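Here come two complexes built around chain A, the first alongside chain B, the second alongside chain C.
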Partner chain A sequence: MQTRPKIIGTAAKRLEDPRLLTGHGSYVDDKTPAGTLHVAFRRSDQSHATILSIDCSEALKMPGVVAVLTARDLEGLVKPVVATSKMRDYHATPIYPLARDKVRYVGEPVVAIVAESRYLAEDALEGIAIEFDTLPNVVDPEQAAAPDAPLLHEDAGTNVIVRREFLRGDVDLAMAAAAIRVNRRFRFHRKTPMAIETRTYLAEYDQGRKSLQLHTTSQIPGIIRDVLTDILDLPTVRVVAPDVGGGFGGKASVYQEEILVCILARKLGRPVKWTGDRLEDLSSTSQGFDEIVEAELGLDEQGRILALTAEVVGDIGAYSIYPWTAGLEPVQVVSFLPGPYRVAHYRGRVRAVATSKPPTGPYRGVGRPTSTFVMERLMDMAAQKLGLDPREIRLLNFVSQEEFPYKTASGIVWDRSGFTECLTSACAAFDYEGQRAAQAVARAAGRWVGIGIASYAELTGIGSRISASPGMPINTGTETATLKIDSTGAVTAAFGVASHGQGLETTLAQVVAEELGARLAAVTIIHGDSAAVPHGTGTYASRSAVLAGGAATLAARALREKVERMSAHLLGVTAAEVMVADGFAFVPGSDKKISFRELAKAVYSEVGRIPAEARESLEETKLYDPFFGTTTCSTHVTQVEIDPETYVIKVQRYQVAEDCGRIINPLIVAGQVHGAVAQGIGAALFEEMVYDEMGQLLTASLVDYLVPTAVEIPSIGVSHLDTESPSTVGGFRGMGEGGTIGAPAAIANAVADALNHLNILIDELPVTPERIFQLIKNKEK
Partner chain B sequence: MSAVMNIKLTVNGVVYEKTVEPRLLLVDFLRQDLHLTGTHAGCEHGVCGACTIIVDGDSVRSCLMFAVQADGCKIETVESLARLGSVDSLNPLQESFRSHHGLQCGFCTPGMLMTSTDLLKKYPLATDEEIREGLSGNLCRCTGYEHIVQAVRTAVGQREESEK
Partner chain C sequence: MPSWKKDCPCSRANEFMKPAQFEYLRAASIAEAVAALSAQAGEGKIIAGGQSLVPMLNFRLLKPLLLIDIMGIAELKFLEETPGGGLRIGALTKHHTLETSPLVKRLFPVLSEAMSHVAHLAIRNRGTIGGSLSHADPAAELPLMAVLLDARIRTASPEGGRTIAAADLFVAALTTRLLESEIIVEVELPALAPATGWAFEEVSRRAGDFALAAVGVLLAVEKGKVSSASIAMMGVAETPLRAARAEALIKGRAIDASLLDELVTAVRDACEPNTDLHASADYRRHLVGVLARRAVIAAWKRALGEQP
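And then the complex of A and B:
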């Protein structure tokens, strides 16, 4: 016990696994208190229409129906949710739990039916008659941005909800002087996060205490608590996110159904539950990026970037989502577009446009899947013009180690990260030269084989000086850790984060165990509960390892000092002589040793053993704020082969090298990368929410919306750079989203490379066999 | 929908006699009537595989069966895998999922485990391609499948050890 065991950095088995493997997890839908009522929603089947009348009389007569509510029944019970912002030229769009006066997308909740079972509630949907007066659809974002377009939100006076420009240098002059210019109109279609667990909410109201408890499939229980307290005007609200079956951003906003079960539980005095089905998930959970980007890159004759311009139109759907606003996704496309490269002259303009489709919201990678797709395609297009290898043009333009910290053209600061090192490492692990040689042989044999590279940088673990979404008024930049050794010697650590697959019960326990000197299995992590800490927002934006890991480190260090001070009294030495490890305080080189359990007993129960004036409770709360955050980067290299007859694309090899700073648990890091890459491959090749010109969803089941299976996803290699962030306590960087950022670009470049002999450019994702067929057919014309 | 039917079936070795509506889905019967909430409903249209259970020796989607169709059947759910269902006595497949980090949010995991249990009983699973093909009826959104394939691969090895 002379040296403290290293726990951070080990592939510890996850502490949450035994319950999840045996069917003993506790997801929201697993809980059904006695007397629970169930809700079903009649949703809009119109994209944009005025509600003329709603007749609920038949539904009210149906078996088991307890209540039927429309927006009119909610007047005075709830305030609308409004995502405000400090951004100029921003128009908030109030969100009501049920549509008032008009509907703005197919799937918007209009009527809530409450019944004794989910079956009976759904039966009664047949008894609702809504008369709509159809309004002009607002489906195409470019048309919707036109001055004479029909308005979705009359109060806003425009469908352009956000407008923003980033400008550095004299971009027009620099572009005009460029020896090489490449430009294109790129399109990245709408997708959906598609967690396997659908959204589910259970509200219980204690009338005696006037207190509301919500169990929710949410990534942001603290934010939900704060907003519910406000809009429902309730003194006590507790929001619990228990085991949550994946989120990926789709569970990181406040939802209408979530508010509604709370109103109903209070109104009806019984627990009220809503369990969404897959159709409801596909048609009403916040969707991911939907963007058109016209971009141009100018370079000198050696391949050095001179100037970059972009015009982005983001289709944000019907509402500016709470709390992130409609600026979250499209604004980050322009703010991250310059990527890990030196770009002296830049102009990025963005318009976020409302359309009569479900709202887009945060989705894994936010903005950067699109910005990386565009920038990395431009880099490859430029490399081809210059006769450079894709690897060489990137090495030539990366911000180098000497240049850190580097302020990008949009104002983001890259603190320090291994841009070049990731590319070199990924190419080495991929055997880039060997694979290029093999590709040449395959091509000579008539096979369509392509190799693609994508590099990116992202800001993670963002602190209070930067908003997680531009102009958003709520603070997401701090995290609180409360550590306790209770009277039994048990260690608990409570946070505002909300793990939903990331394994934070394990990684945060690793940090606490090492910094405090506790046994890993003896540390219990409390998360996903708004009552656990005074302020917490949740898990999103690759923040939890950095912010909660930092807060855990600070609190554990302070608590260890307390343990040393208290133990010193009991062991008859000075605090400086005491060491703490493995759940014991001890004096090295002696037999003086006391367990946490004995220590806790002495502190709390055997009150005479420590002088009253020296006695301290064994708990610590620390707040951590990384202020700006830190830079995570990565390079992906992949090889694809396209069947020349069916145009089916097979991803054959995939290698990632990433710099996520100090690694807490390498197995969990690898798992995050694999899963995020799989979602990125899905976005690149399969996943698309298709809406017709009437605003109707055509991919409304998992038969039509294709999620990759184990057959479509290749084995994925991951190389870790062994570094530490210079900017964060603990040296951690966030890494949960990165795979989804790099994969679409890498796949797009590989597909473009495979089709190079046909002189076809890839500018649209997902690239499906149908799209390749059309591209080839159009070329032949 | 007032008609009800009596059914008798064995779930995880326990015989149940229940009265149910003919339209009650088997997954809802397991979760709500028997309180076996380990089986999860992910899509309710037979694509995602989260609700996979074993009925009379074959893996089945419990969202595509009515409870009344299971009358007289022998059913195993994820709760049957560990000895006495205890978190302290994982079976080798569960241990392998844990060692390889073959689960993240855990929502698809019961279905993955039951499908894998069926595959391990019936197929050689000599290559990773065969394992991936066998798992292709179960969606996972967290892991990218890599660690799940490794977990099943290890379980195949253990199966061969125990057969020697």
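And then the complex of A and C:
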């Protein structure tokens, strides 16, 4: 029998917070088994160079040093990691734990020193001498894409690692017929995910069992387990991501240091640990997208979109990372560019170009922060040309309710979702008319006040029919949940996802408690452990609520039926008469009632209370595959004010309306939106990884890489919509990334609006006081 | 007596050390610190709050053989009014003390105001005036204040010590006239004229970041005209600067729009900004003019007894 929903949808406080906020979390670096050896890396200080020689003899003599290793020492111990793809015109780039023959970015690990302590290992770094022969720079992605450019990967024969085109309709004809055309070259600069916890790996090898255990700061322990088993040719590998302090995409790939500690632990027979410091994090964690987009939008005189074209050059850095490949980010810029709008004619071309900078990887929002920035800027530019309000031009062009499911120009299918509702709801909560009136008053007084809107749609919770990254051969479309009621009546739910700040220990417990009829506090969530379930890929791409939530729902429903069947024997009724809630099975309207604890005792220990042939283990495993996944949409509206003399930009008001389907926990949804908007404000106004023309990192500390602090972030209003129930089990849509997708575009539009009277366009992010100063200066010339 | 190592609550302390190896001395007196520094002949380094030094050690930009910790020296901890209404500030006085002390607020409100711009509370709770002046970051508030307020810096050294005018202390970025074995022990601020108007204006990328540019102003007004003016700026040269020409320009005149335009030009002409990641030289030059205008207006209003 079904009970009334009451746990899903409540603002339950995060169950993990008392642990994490009182310093009782247990992160990888908190674990140091007896006898642990520590690694420090000598990294490349050259952007592109041949390694002529490496002299480690001085380092080997230094106190506490156990081993000093170069790529040569690892030959035969490990296979390279190769991110393969079914994409045509794709060139994989093998990744070795230490640079082999040549270096391809500043920060690439070249020599590993293993010592009794990290301190001694770092001291010994000074005893290493590397002789480099510098090679031509491959720093500018457009130059690197030229046919005669020096090559970063000679085997690829080109620096253009991925090439792709999406085409629908007769775009040239439609563009030529457009009454209004707006075009621009847009630039969104490179950034880094910047988790508080730096990457840390601890490998232990059991010589007797020939089994490896890796503790890792990873979002994807299941994928790491699978690849390590392969490249190290080991029968058993267990990968555990314990408490992890943030990821944002930076912990969602396989890393050189991660592989190396495993090799060393196996070879040396002692636990081996590496804890990245902040400089290593800045210079070697996979970085966020770096895109150049030349785009044009054609509209009719009413403002209806006719055609859209885009040429994208994605600077992907030195390697095509595993498992996502270099196609992950730039290809999604063109596949998502048409956004939530009706675009009949479209051509999007992309080239992903290798450069001698750290590899780019997943970064919260993947592709869509850039595609939304470009499309939403074009929409505002068109609106201005047409004399339309930015809100009106969007309402005119949104895919409407009657058109769902709508197949976009790049082939993505939007299921029923509230594009229009998000915009109207965000504008209502923002008091759009009132703020426009206030803006007019402020502008008349000489103040530079601007309002910006950004609407977007994204695919979340994607299933097995779509790859999380184009052409990627591994399956990211399913998740498994294993639920158990053990002999004490305790409920445990194990998943392949890996929470690293999302609060999944709370939201998944809410789903399990609700669907099973358990008490919330009595549900223990196990995640981030490759041994917990047979297959699972982790937490990324706004998938965990949808996929793990779906698997949890299916497993809990099946387990509840078992509870009903077993309880029926004990209560002397039929299973159909039993209800399960709050950790009890009971018959409504009677005093027949049994706790999970009593039930478990009867099932497992008090043999005879249930007929042997009817006895079932209180355990269920279910796999969930949402096939295509679902659409999530949102609108952000913001107001900024720019000081007309200093050009300092202040974000003053911020409103988000999002449709994430059925909400599991509104507190957590709001928290994810707040965090992601803060990250997006960082991308829009502050964060930029700067490399000079020699490929040297200039933003090598947090003095120069500017992450926004609480002072820079306004109060953020969030309106939750639940406009259409999607086709996912549980009715959930993914939402963890969205804020980072909408915020840069909304801020860019607001800044452009504030500068409108100067006839200045914003086409580059982050936009800073310096950039505004230059724009104004160049205009005056 | 158990050894320190057995007593250490964190048994993993050695895993997290980033600096090159050094010896450590906790000095009990100025004399002991000076003697130890002198004995190292350039290989020693004084550590107080450590807010600039420790990051430099961790990046191994500095590799001193000996760190001399002066935080335990009681004779460096004082903050007192001089008979004339100035201040004597012990070298170990923390930024947070200068920010919140009622004495500082009463005598040198511009200093408390400027201190609220120094980094973040945790840093203000450790950083010291002696440390900041010795470090001489061209974008730090205390060197600017020292130059604005005509501070006199007293030092100790094996030769006995001396007094250096703030205007003479700063040579270049991170470079002072302090000798190898010389330690700042005290900063004296001469009294301000009664009813001096003041203002401090700063722009940084984020709250607490180093200034892109900042300006401090003191104005005394008699009979509706500026009787004395101090205008100091930072972030726009290798050291904090006094805008002497701009000061002379407004002396004896009432502040009005056209005078302000002249002042902005004079201030911009006086600076020699550098380009870095966050701001070009041109933008800094532009900015310092904007801030000088705002600061002079605010100081003028305060001197006239108005709300700025």
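Methods note: the second predicted complex is superposed on the first by the 773 of 781 C-alpha atoms of A that agree within 3 Å, B and C clash if a C-alpha of one lies under 4 Å from a C-alpha of the other, contacts with A are read in each partner's own complex, and residues count from 1 in each chain.
Heads up, the rule we're going with is that a residue touches a chain if its C-beta (ideal position, glycine included) is under 8 Å from a C-beta of that chain, and two chains touch if they have at least 3 such contacts.
Just so you know, these numbers come straight off a predicted model, no measurement behind them.
Shared-chain residue A:646: touches chain C; no touch with chain B. In the superposition on chain A, contact of A:698 is made with chain C only, not with chain B. By the document's definition of touching, of the two partners only chain C reaches A:686; chain B does not. When both complexes are overlaid on chain A, the residue A:716 reaches chain B alone and has no touch with chain C. A simple residue count on chain A separates chain B from chain C, and the partner touching more is B. Contact with neither chain B nor chain C is seen for A:351 once the two complexes are overlaid on the shared chain.
Look at A:190: by the touch rule set out above, it reaches neither chain B nor chain C. When both complexes are overlaid on chain A, the residue A:277 reaches chain B and chain C alike. In the superposition on chain A, A:266 contacts neither chain B nor chain C. Chain A uses residues 32, 119, 123, 277, 701, 703, 709, 711 to touch chain B in one structure and chain C in the other. Looking at the complex, you find that chain A touches chain C at residues 32, 38, 117-119, 122-123, 126, 275, 277, 279, 645-646, 648, 686, 690, 698-699, 701, 703-704, 706, 708-709, 711-712, 768-770, 773-774, 777.
Across the complex, chain A is touched by residues 12, 14-18, 20-21, 55, 59, 203, 205-210, 212, 277-280, 282-283, 286-287, 290-291 of chain C. Here chain B touches chain A in the complex through residues 1, 21, 23-24, 31-32, 36-45, 47-48, 50, 77-79, 81-82, 85-88, 90, 94, 97-99, 101, 103-110, 113, 128, 131-133, 135-149, going by the rule given at the top.
On chain A, the positions that touch chain B within their shared complex are 11, 13-14, 16-25, 27, 29-30, 32, 63, 119, 123, 194-198, 243-246, 248, 277-278, 500-503, 667-668, 670-671, 673-679, 701-703, 707, 709-711, 713, 715-716, 739.
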